[in-house]
Amino acid sequence: MEIDGIIESILFASGDPFPVGRLASLLDVSEAEVLEAAKRLADFYAFEKRGLRLLRLEGSLQLCSAPENGEWVRRALDARKPPRLSPAALEVLAVIAYNQPATRLLVEQLRGVDSGYTVGLLVEKGLIEPCGRLDVPGRPVLYRTTAAFLRCFGLSSLEELPPLGGPGQGSAEAEAGAGQTVMEGFEDGARP
Amino acid sequence: MADPTFHLEAVVKSRERLEDFDGPLSLILQLLQKNRVEIKDIKIASILDQYLAYLAEMERMDLEIASGFAAMASHLMYIKARTLLRGTEEIEEMDSLKSSLEELRRRELLESLRAASEALEALAAGAEGLFTRTQEPLEPIKEYSHSHLASELAAALYDLLGRGRERAALPQSVPLPAPLPYPVDGKAEELLLRLRESGPTELGALFALSRSRSELAAALMAVLELYRNEKITLEDTGRGVMVGLRAGEGE
Amino acid sequence: MEIDGIIESILFASGDPFPVGRLASLLDVSEAEVLEAAKRLADFYAFEKRGLRLLRLEGSLQLCSAPENGEWVRRALDARKPPRLSPAALEVLAVIAYNQPATRLLVEQLRGVDSGYTVGLLVEKGLIEPCGRLDVPGRPVLYRTTAAFLRCFGLSSLEELPPLGGPGQGSAEAEAGAGQTVMEGFEDGARP
């Protein structure tokens, strides 16, 4: 069975990230086979300089347009550049990303300011999502980052998050390390 | 932790960097923070030894550091002494030291998260230009494809007839309209044949062929049905109604 | 300029059919060039047996998933099957199945309720179909069951419909007989 074409069709039609596990059970093959097919597709897109990219976002796969054509697509769709996240939003996102699942309370304790609005904003943008409640009085909601978060930050898994600087390290070193980590993602093949 | 090594160098360096460095408590906190040492593990003697060694290494006396250290050491001794004297009783200074330490750790974590969020921002800039798409509209499945057991049909009918029995409406007693004595379908075919052979005909002439009332009724219904099905045309000529075949019905 | 990849990116992200003219003016090439690129893409998809197809609709281009993978896509995205037959629909179907060809009037007289909607629904689902008219005043439409009906009920012919106990028989016996009949029907029907 030629699963590459079927996976391509499903990912195209789905639009959203599609779980590798569901593809495997649907096609009655192992997850490893699905990932191999995905790798073939991703390499193929990159090698042939096609207008598509296949991303691996944790346990899911998603088709996207090629980033180098982003400006063309934006013009064609008359889309504005999405506004950048504010430093406050980035900070909240970082707190949740590195401590997930995390409650709003943790965010507020770390930042020292009310963060309800910003948390709501990030949920609205689809970068974080509620994922249950903490089993303490008040049962506060727990948040985690989404597949869209990984996509927007060019990560293919949470393991690729820039390492947090230890007490001795300066932040510059952490940043340099981060850039490298991203390049090692699934998208590897995409970059020559 | 038996005899922790206190990396004074780092403390002193950061002390030089920090403008708001202030008082012996801050120096203690710095020291504890940088070395990840709990308050209760502090051995002042070992701090002192290491401090002197450090100064010797520097081969010069930095009076500012020395005085800062002296203040810190005396404050630590003060806290330790009170802890020893008061036993398990709460020591105010100890508590404030602890909460200050927590605050310092919180700030440090926040600092590193801020640094990470800057790194994240750089990543986001690199990942710009990826566009996703919405789900492709799916063709609805039109054909009914659930499978049923044939027995479901029998059961449904049993239920229905059971209900009907209560209402005394058995299948035989269902009043159906009496069948027409003259078949309309046959009459319709007859009319079409005649129109094909003799061309447009007056309505009255078509009806006049009927030999009985029921045949006449069938002829009337056949005309109505043929007209509704767009097989024939009806035209009012002023003296009567002309019936003709609709275009395409000639063959 | 490599316009094939850009066109692919734009069509991917757009989803909707995208006018050839707008692509041409956007990329500052002639419509003929856009169409040539589209032809190359379409041929490529077809030749490589990819999961995508490029459609040309009037003056527009559209990317879609390959129709031959439609069944996979449907399963993957869990396209809703039409709901199962309601008890009312099953009842109407039973009346028609056992009395075919039957008019709506017969159904309504047996059920005691208006059944026009349900009859229409069954026609739409392809389980019954009109088959002429009854030769009585009003010439009501006659309905019979279809081949799809046989398929859904696991029958190979109408003769395999579970026999009904006649209403003239003693009710106890009839019901006992009915139970048996139903069981037989089950066996016959379910296993061809």
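We call the chains A, B and C, going by the order they appear; numbering starts again at 1 in every chain.
The working rule: a contact is a pair of C-beta atoms (placed from the backbone, for glycine too) under 8 Å apart; a residue touches a chain by one contact, two chains touch by 3 or more.
Since we're looking at a predicted model, the values are computed, not measured.
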Central chain of the complex, centres being mean CA coordinates: B
Longest centre-to-centre distance from subunit C, chain (CA-based): A
Mean-CA-position distance for subunit C and subunit A (Å): 38
Chain centre separation in whole Å, for subunit C relative to subunit B (CA means): 28
Euclidean distance of C-alpha centroids - subunit A vs subunit B, Å: 16
For subunit B, residues that touch 2 or more chains besides their own: 131-136, 138
Sites on subunit C at which at least two other chains make contact: 9, 12-15, 64-65, 73, 77
Subunit A-touching residues of subunit B, taken from the complex the two chains share: 10, 33-34, 36, 106, 108-124, 126-136, 138
Residue ranges of subunit B touching subunit C (in the complex, touch as defined): 131-136, 138-161, 164-165, 167, 169-172, 174-180, 183-185, 221, 225
Touch list for subunit C against partner subunit B, complex: 9, 12-15, 64-65, 70, 73-74, 77, 79-82, 84-85, 87, 90-91, 93-95, 97-98, 105-106, 109-112, 125-127, 132-139, 148, 152-155, 160-164, 167, 178, 181-183, 185-186, 188-190
Touch list for subunit C against partner subunit A, complex: 2, 4-15, 18, 22-23, 26-27, 49-52, 63-66, 69, 72-73, 75-77
